[in-house]
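Read from first to last, the chains carry the letters A, B, C and D; within each, the first residue is number 1.
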Amino acid sequence: MPELKGFAPPFTESGRSALIPHPPWFYSGDLLTVEYRTDVERVRAILPDDVELAEEDPGAVAFIWADWQSCSDGGAELLDPARSQYKEAFAVVRCRYEGVTYSRCVLIWVTTDFAIARGVYQGYPKKLGSIHQTRPMPFGKAAPRIEAGGRFGATLAAYDHRLAQATITLTGPSDTNGFVNALPMLHHRQVRPIERGADGWSLDEVLTMSGVGFEAGQAWKADATLELFDSPWDDVASTLPVREVISGYHVQVGTSWDGGTTLAHR
Amino acid sequence: MPELKGFAPPFTESGRSALIPHPPWFYSGDLLTVEYRTDVERVRAILPDDVELAEEDPGAVAFIWADWQSCSDGGAELLDPARSQYKEAFAVVRCRYEGVTYSRCVLIWVTTDFAIARGVYQGYPKKLGSIHQTRPMPFGKAAPRIEAGGRFGATLAAYDHRLAQATITLTGPSDTNGFVNALPMLHHRQVRPIERGADGWSLDEVLTMSGVGFEAGQAWKADATLELFDSPWDDVASTLPVREVISGYHVQVGTSWDGGTTLAHR
Amino acid sequence: MPELKGFAPPFTESGRSALIPHPPWFYSGDLLTVEYRTDVERVRAILPDDVELAEEDPGAVAFIWADWQSCSDGGAELLDPARSQYKEAFAVVRCRYEGVTYSRCVLIWVTTDFAIARGVYQGYPKKLGSIHQTRPMPFGKAAPRIEAGGRFGATLAAYDHRLAQATITLTGPSDTNGFVNALPMLHHRQVRPIERGADGWSLDEVLTMSGVGFEAGQAWKADATLELFDSPWDDVASTLPVREVISGYHVQVGTSWDGGTTLAHR
Amino acid sequence: MPELKGFAPPFTESGRSALIPHPPWFYSGDLLTVEYRTDVERVRAILPDDVELAEEDPGAVAFIWADWQSCSDGGAELLDPARSQYKEAFAVVRCRYEGVTYSRCVLIWVTTDFAIARGVYQGYPKKLGSIHQTRPMPFGKAAPRIEAGGRFGATLAAYDHRLAQATITLTGPSDTNGFVNALPMLHHRQVRPIERGADGWSLDEVLTMSGVGFEAGQAWKADATLELFDSPWDDVASTLPVREVISGYHVQVGTSWDGGTTLAHR
């Protein structure tokens, strides 16, 4: 019997139909970030019981838009760009687990199925959204430049309900691209039993992971606005309300992902 | 600490952001089916090692398009129809496991994230596609009627590559809506460890499930055409090539889903 | 030289690329209507100078959602349903021109390019939107029935800004499907000169048109809610604000369109 | 009576709902071009009777993909990027009219309604398509660089039928970005009478136009592949078949459009 192949389903004899190929996965893109503070109680409320608040600035949140091109080894996806390009909008907080401080993605929207599949594998709670982000371009009046005064907007909607919108105006070079999403990730991967009403989990893991091979251009600080909204299907504003904007950021990056570590099987 | 709520991620204090609510899930829709035979070797090749071919007509396949409206208890999704409506296109074969014959969905595309999430939970290998299906309507020249001579088309594409197209012309009432997708489902739920290059699975289950509360109108038999294609990202035609069309079918249904049974933890 | 063929551009030797074929055009679909009154001054403000308010109930507006399947002679589009199916959401008022009372579509969104092209030809001010409308289906809990108590929702968004949402709950059979969109249409077809800053119009016509061959099922009256919104790109709520809901309606129809009449070249 | 405002319909009291604002319009973007030769008879067949073939290289065609960000005066669209970003794929030939050689866009697909509206105004035969184009990015393995060896892909589909796909591999700097789309445009703006079966046109103009304020980075020559296809709704391959690829090109540009000139009212 021929072996079924593929990193993620569907598995076929050739492996070609697999929704995602095996890592490493490569990413190039533009990141637009607004860091802000929410109520500490709101961060506490979105962390699982076995996770604690970060010691410093526990109410800090990063709301990040990413305009990505991605591929696997060999880069075949790049020449059929529908298979390579997607956008993300996500909210990250920090937390502590077994004494170590991590970043944690608590809400995330993407625009393609392969991005959802990588999320399922990595413990990101991915959903589909309609996501737009101003692009920097080198010529013409219809694009900002990556320089002081450059203005960028970013928006997120799902099911035709607007969930987030941001603007940033670059002020000057920055040593960092913010601090909230700068640590290894701490995620939970959980799958419920198929039996109706069953307690507990069929899969319940705590994972950590980081990108590798990170390269970036000059990061820029920015004045920023961020508005969050709720809808019947998403409580974004009420989950992590904006109490105080800290700063906006813009940077162009390249990175890879090649696996993580299981911290616990619960 | 408030408890995190939700059936599927993301989990929040309110539970509102969960991509799918807990079952039961309700479905109303139109099903367009083309049953055909492929090479028995091709069905063998797409079944896992612990699953056998069906004893009778092992090469039989159903390629099914479904035009669904769905909701959970209370039906709130129905009044915000973007949260309720979606389409599916999927390939089903039969198989045997521990002496029992089952149906098994081996390839499936949907049009929304909540449909993908139900699939992840149920072991359907869901991907996103662009799916279209002729609707029956009672008035005017721009719709078929559900009667002899009624003609319907259905198409599936992904990443701008056409993968399947079918036409059916209703011939007469049918006692059944086909036989290939008429049994309880046999699915595998598998999740790989997060460690790069790790062998085996973090989750590896064999499940069975069926709908409940099934109601349907009169099923119709049809003359049918079905063309399958391959793309760089999908081997549909080479995985389950059409060797002989058996019959087309059309039926309008209502059904529910409220859990399954784990047959094995592997 | 071979003749260029096609009803609307692009014109090619075969005519196959034409965005729309020549009439007659056929339509089958579900219509969900909310009739309401706005301020008479708002209707006056959206009518051109050469058009007067209707004598009776001049502030009456119909906001209509339509879930269409459409085709031309021969119905080839029906079997490739992406070429046939689309949705519309539109606002209609009444007006008087040269002593005759007409209906007039003042705002309209559709979901396909062929629908836009028919609009350009017919003088409908069409834009693209994201449009959803609950479907009636005969089985299951995930669809209303066309009967007293049947509940339907409809939504409209553009550029990820929600512009309109409605709900209707059917109360009983109705002799009519409302009165605002029940008259021949009065539209203007206007094209500006290509010269920058030029006054006037290259094309400036007043047209009237009606559907032909209209058939419908039983219309139903309904209790209705309608909320309109503005966005940076659309002033819907401020253009025709809802002051008093008159009634909702639901009906399934078939109709054709086969030309109109030029009332004036201005 | 308040005056109705807007450059293109719908016209409202505020003018905010107009699908496009008045020019000037600004564009920034990436252009990927494949120039090739088709049969001279095919170019002749797609030109109107009053237009002649170009004297030199009359069979030359440019198939161009453009990844645009666009805005009007003030750039408000840029911060709500859904209102600003779109893609184009279009075929351009050359021709002669009254002794002057022009470029002419004979087939064109776009991804937004505001792009269609500009086309209707400018005489481009615009339709909606699904369009993807590899982006150059400065970091990471998931993007080409604009340098020798940089590889880019571009695809076009409509109604789930693939119509064109290209790849280019940059070889070296180029003095030009090709020659076929380098001249002022010659377009026809034609609108048929609303009367069914009427002969002739309500509007029948010959226009010319050019961009203004053009700026660009270094153009690059490239080895190129281009495949065209037909569908039931588009004859692309049979209209302008690829007989001999001349060259590929890549360039980043900024430009504006601020009106044209009517050459004839026919």
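We adopt the following convention: contacts are C-beta pairs under 8 Å (C-beta built on N, C-alpha and C of every residue); 3 or more make two chains touch, one makes a residue touch a chain.
The structure presented is a predicted model; accordingly, all values stated were derived computationally and were not measured.
S.K.: Check every other chain and keep only those touching both subunit A and subunit B; list them.
M.R.: Output, common partners of subunit A and subunit B: C, D.
S.K.: Select, from B-C and B-D, the pair of chains that is joined by more C-beta pairs in contact.
M.R.: Looking at B-C and B-D side by side, B-C shows more C-beta contacts.
S.K.: With a Cα-based fit, what is the angle in degrees between subunit A and its identical partner subunit D, given to the nearest 5?
M.R.: 180
S.K.: Subunit B to subunit C: how many Å between their CA centres?
M.R.: It comes to 35 Å between the two C-alpha centres.
S.K.: Centre to centre, by mean C-alpha position, how many angstrom separate subunit B and subunit D?
M.R.: Measuring from centre to centre gives 40 Å for this pair.
S.K.: Spell out, as numbers or ranges, the residues of subunit C touching 2 or more other chains.
M.R.: As it turns out, subunit C has residues touching two or more other chains at 80, 82, 130, 132, 155, 160.
S.K.: Quick one: in the complex, what on subunit A touches subunit C?
M.R.: The contact residues of subunit A facing subunit C are 130, 132, 155, 157, 160-162.
S.K.: Using the touch rule from the top, collect the residues of subunit A that touch subunit D in their complex.
M.R.: Residues in contact with subunit D: 26-30, 68-71, 75, 78-82, 84-85, 130, 132-135, 137-144, 151-155, 165, 167, 215-217, 252-256.
S.K.: Going by the contact rule set out above, which residues of subunit B touch subunit A in the complex?
M.R.: Listed in rising order, the residues are 1-2, 4, 7-14, 16-17, 19, 23-24, 44-46, 48-49, 76, 80, 82-83, 106-108, 112-113, 116, 120-123, 125-128, 159-160, 189-197, 202-203, 205, 207, 209, 230, 232-236, 238-239, 258-262.
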